[in-house]
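Take a look at the structure below.
Which chain is which? They are A, B, C and D, in the order written, and residues in each are numbered from 1.
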Amino acid sequence: MRYLKLPHEKRREFLIELKGYGILYAPVSISEKNFDYKKVDDVDTIRFDYNRTVLPPRKYFFPPNETLFKFDKKDCRLIDAYEDPGTFVIFGMHPCDIIGLRVLDSRFIDDQPDTYYKRRREKGIIIGIDCLPDEYCFCNIRDADFADRGFDLFLHELDDGYLIRVGSVMGHKIVDACDHLFEAIKAEDISVMTRKEREKQAMFQHYENWDNLRYLLELQDSHPLWERESEKCISCGNCTLTCPTCRCYDVQDVPELDGNGGKRIRFWDSCQYREHGLVAGGHNFRDTKLDRFKNRYQCKNAYCETMTISYCVGCGRCTQFCPTGINYRKNLMEIRGDE
Amino acid sequence: MKQVKISRPILVDHVARIEGKAGIEVMVSNKQVSSVQMNIFEGPRFFEAITVGKKVEDAVAVFPRICSFCAAAHKITAVEAAEAALGVEPSDQTKRLRELLYIGDYIESHALHLFFLAFPDLLGYHDALSMAGDYSDTVKAGIALKDVGARIQSVIGARYIHQENLLIGGFGKIPGKAQMGALKDELASLKSASELASDILINFSNWKELDSPRLHLAIAPDDGRYTMYGSHIHASSDTSFPMKDYRKHILEHVVEHSFAKHCRYDPGGSKKKNEPSIFTTGALSRYTLNKRSLTNRAKERSIMNKDHLDPSNPLSNNFAQAVELIHYIDLAHNLASELAETIDENERPVKYDPQKGGIGAVATEAPRGLLTYLLDIDGTGRIKNADVITPTAMFLPMMEKDVGRMAQSLVDGGISDPSIIAPKLETVVRSYDPCVSCSVHVTTVK
Amino acid sequence: MMQSRNIYDTHVCRVLRVYPLTDTEKLFLFRFEDPSIGMNWRFKPGTFVELSQPGVGEVPISICSSSMRIGFFELCIRNAGRVTQKIHSLKPGDTVGIRGPYGNGFPMEKFEGRDLLLVAAGLGMAPLRSVFLYALDNRWQFGNITIINAAKTGPELLFMHELDAMRDIAEAENITILQTTTRDERWGGLKGRAATHLDKVNVDPNNTAVALCGPPHMYKSMFEELMRRGFDPRRIFVTVERRMKCGVGKCGHCNIGTAANWMYVCKDGPVFDYYDMISTPGLI
Amino acid sequence: MVETCSVCETRKPVVGVYALTSCYGCQLMIATVEKILQISEAVTFKSFHMLTSASSHGKVDIAFVEGSVSTEKDLIELKQIREDATVLVAIGACSIHGGVQSWDQGLRDYPEMYEKVYGNGEIAYEGLAAKPIDHYVKVDHYLPGCPPDEREIVYFLSTFLFGTYPERKERPVCHECRLAGNPCILIEKGEMCLGSVTTSGCNALCIGFGIPCIGCRGPTPYDTASFDALAKEFKRLGKTREEVLDRLSIFGSHDRRMRQMVEKAYGGEK
């Protein structure tokens, strides 16, 4: 791997450089306490200290709302309505989100690839940045606290700049094009980085090994926790909609007034809604809030074979953005019998 | 002389192209109109009663639902009554944004009334949609005006019916400079369209049968600007009273044939000659009392067409609305231009304590005329007492008089066919631009 | 398998014939508008297509014709809601969009050389018809065959007349056709649930592949009954239904299982074997 | 309904827009959608009093009914409309949920209120406590909102013109609130946002303006609204039982589960 150093005073210039590759998306503040990825015009609005964004970066590859096809009833043909976003740069992705995106890849880019996702995925340049865990983070348990691939460049903060890992051909191209901004790595940079890594590790609040969790979830199906916690749930869907690896979607045809044309759209769905498991005739395979509540815990803790980790990357969104304060990590620990 | 005999009453089941459900019933016996009733079938909704005991924030969210055509008027007036009660003083920017929002309501409401409800009548169509074939430019201009009014309200109020982005003390979110800039440009492009309504009305003269002097009530502008705000209500009888005392001067009472109440004006004072009397309110009244304060373009128009603005004839109300359209497009343009430069998107609503309680009475000019709110808030921030009087309730008695006048003169002229008389009566009603659901809101529970 | 570039894109198919089967089900015969696609389009019994009517929506439907017939296919569709109602109004010459086939289908290769027992209840006859017709078209590869078709009433028995008409030739070919109803006083034939007629089958439990399709509540009793009679659980297969929007393991609606065994009915199914069925919570 | 499909394919659908007791906002919304001229070409408005004097009684393919049943006359009219219409669409909060005029449903005695306002026997009409129209007649489709959203009106009409019918929205406003990219103001500001129990379709308009949802689109259908869990959360935030009930009742007073579920959350205490 190639390593470089970006001094702090060159950061701004580097960001402006990045804008040259396409639209730049980065975390900005959207309210008093929340952050989200937004299109950035002024690089000074970028927040390097954000904890997590409300929506995960998947929104750029798998938009919350998207038109799949246009159609004309007369000839029954579907016309691909993919809109090429052009090359774009996502700056500031944390390791969990980078890994989350790779988890999504495993479902969307398989032997029957989702062409919409895939085409966008090829357009996105990903610049990662290291982070410091807060009380909601448990990516360490999920093996998602360090991204070893899935980015073009990755920035580790040093005292006076960033240590950059170059992760792709695109990454090489980017740094080559502005090599005057970078310096070579020195021995003390490496020791600063290792020190920071240690500090980060020390900030995590839990260090269990959850390998047996999948089986415990199955075995603990009648644990009293399920009743107790699902009763608090307001079925808002926040936990799934903010999850970086959730991917359920619904499809709807929206006809036009002319009686012929229209479009087929898809939009994010959530397994926390009644409709999710409903079939014609009114039978529902997940009829109660309790069923739906459990379903998410099962799904998120299933094993993603291509990534050899669980579908949950431990980003903490589903807990932070649950209006009724249902704590997902704590619940899992209770299922495991941890205190 | 031909014998005129009408055995059945002249009936209009459902007056079309007005907001709400109302009928007209005119009884004629011996060639004399013996009774005129505007029958209002709209069910009562008891706004003043159901808001009692509710938190003032919830109540002001509900009041605009009295009426969709003037939801902004209701929302603003209710919010300001609450502010008056609680001693909240909103920022200048808030006031200006509210005024622009209110103007948006005017533009939309007047454009709808003139182009969609009134013109089909004058031009001989059932509706604006069928008129669109022959008068495509007219209808398009009407739509464009209505749209800009709606857009102003959506940008500031979140949407153009039941604007939720309007709170006691300010706004949830303040529109950006770019949005204001876009409004400004759109308004500038509609200046000539705003004259179209009066161009059309010039071709139609008032029906002389309806001429009759009448009492007009309107808010007097405080700062010489012709708007919906002001601290005093003036009457064309040269009396006036502070808006907050409206309950002493505008008296409501129940009538048998309608869910809407009727109003009278009591100028006060001891003299017996000042008996409470029926009155009218609305664009014509505003014009009659405040015409000096119109913008130049609107003023010119009105001076050129004095005949169409006869205060004694209700049909003039249409022309007065057309003049106001010109006036308010100008005013909105000025306000939007100013806000596009100065607006501070980060201004937060003024903080207030709903538990302070108090009484606030406010009157504003809604598109259809005077609108008054009185909110009495208790020490827990809940409504103790609410009173709303809407323009339609105020002018209903006058409207019935005019319908009677029209019917009488047609009967006098030997016309006996109800199917000829009825549409004429509808035209009279429509000229008032009545807002029936507004009128049935309804009244105070003691 | 044909793979269009955009997996959600459909091929235009034309309705050739519409046969009313029952009050609520119709059988549709389709042909690909583009013959070159039609000639290359192959499917396995037990797989399904996504059938779409632009402007209305898309629904998963099992293919119910024989996979040996090329260029044509049949769908048996129940009028169950928005999309299927619209499909029911189609007439010969009208067009629909089709993508697929999807799903694993029945492992016909594992069935070869064995007797076949097909048990269908209600709409379950649709996917099993495909298995049955396939077996008829490849008669020499299979031993004795029994098909049990069950419904509440006679008029609701899917393909009742078709199966009836086959009875004579079937007998000659060692095929037993049993049609039974559970709640029809006027029905002259067999009565009772499918499981009650297992003594009438002509297959050898030791060497039989079983295919089941019916409402979820039928499986438990059916399994018990089959097991009691010595059928080998490794050779019992079931096809199930779930909500689906994509058919290709993406939209998430058909998910089943637990964290230890997470599956999608559209990709990992809709055909499951006995062990999947009993070990996957929520699958039955 | 099947009949409409065949009807639509052969001729313009005949549409009626009717009002019972309401603010007329739903009709105004229909009359002012951007594509109204296109709509007026695609359908025949047989009855639309607010817009046209060519309104008449009689059979229609699709009836849009706004307003609650609040008078005897409303009820008679409603029954006639149902009889005349192939497909009946309840449009707006009044029609579907009883509207704001039902705010006091069950709390205040209707005849008493009526008498207080109009006095005894002074008025010639009979008033009724406001009710959603499906208390009296069968409703085929529901188009919620106070007022309804323009896109949904166009969507409904378009599906009918396509010979099908609209899919019912049942996801909560929170769904669209996330899709719209808002932060949650219930979490961040502790405001009484009703998004989670309210039918979506407005794209979380109010929250986009930083204002909590007051539930104008009514409770989510099929008994999916978790009033109890939400009320518990409000309770935790220090809201009183009365406050919560008042807020939920503005548009949800006719939901048969609401009051009971809130009471449960507050455990009977005042």
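In this text, a contact is a pair of C-beta atoms (placed from the backbone, for glycine too) under 8 Å apart; a residue touches a chain by one contact, two chains touch by 3 or more.
Just so it is clear, the model here is predicted, and its values are computed rather than measured.
Distance from chain A peaks, on a Cα-centroid basis, for B.
When C-beta pairs in contact are tallied for each pair of chains, B-D comes out on top.
In this assembly, the C-alpha centroid of chain A lies 37 Å from the C-alpha centroid of chain D. Between the Cα centres of chain B and chain D there is a gap of 26 Å.
Chain A and chain B have centres, each the mean of its CA atoms, that are 53 Å apart. Taking each chain's centre as the mean of its C-alpha atoms, chain C lies 42 Å from chain D. Multi-chain contact residues of chain A, defined as those touching 2 or more other chains: 73, 252, 255, 262.
Residue numbers of chain B whose C-beta contacts span two or more other chains: none are found.
The multi-chain contact residues of chain D, meaning those touching 2 or more other chains, are 159, 162, 164, 167. By the document's touch criterion, interfaces exist between A-C, A-D, B-D, C-D. Residues 68-69, 71-73, 75-78, 80, 107-108, 110, 112-115, 213-215, 217-218, 221, 247-253, 255, 262, 264, 266, 269, 271, 276-281, 283, 285-286, 295, 297-303, 310 of chain A are the ones that touch chain C when the two sit in their complex. Contact residues on chain B toward chain D in their complex (touch as defined above): 14-21, 41-47, 49-51, 54-55, 58, 61-62, 65-69, 71, 112, 116, 120-121, 126-130, 132, 139, 143, 146-147, 150, 158-162, 164-165, 167, 171-173, 254, 256-259, 423, 426, 437, 440, 442-443, 445-446. Residue ranges on chain D touching chain A, taken from their complex, read 8, 35, 38-39, 42, 154-155, 157-159, 161-162, 164, 167, 170-172, 174-175, 178-184, 186-188, 195-197, 222, 224, 226, 228-230, 232-233.
Across the complex, chain A is touched by residues 3, 5-10, 12, 52, 54-58, 78, 80-81, 84, 95-97, 216, 241-243, 245-246, 248-253, 255-262, 281-282 of chain C. Of all residues in chain C, only 55-57, 82, 85-86, 89 touch chain D in the complex they form.
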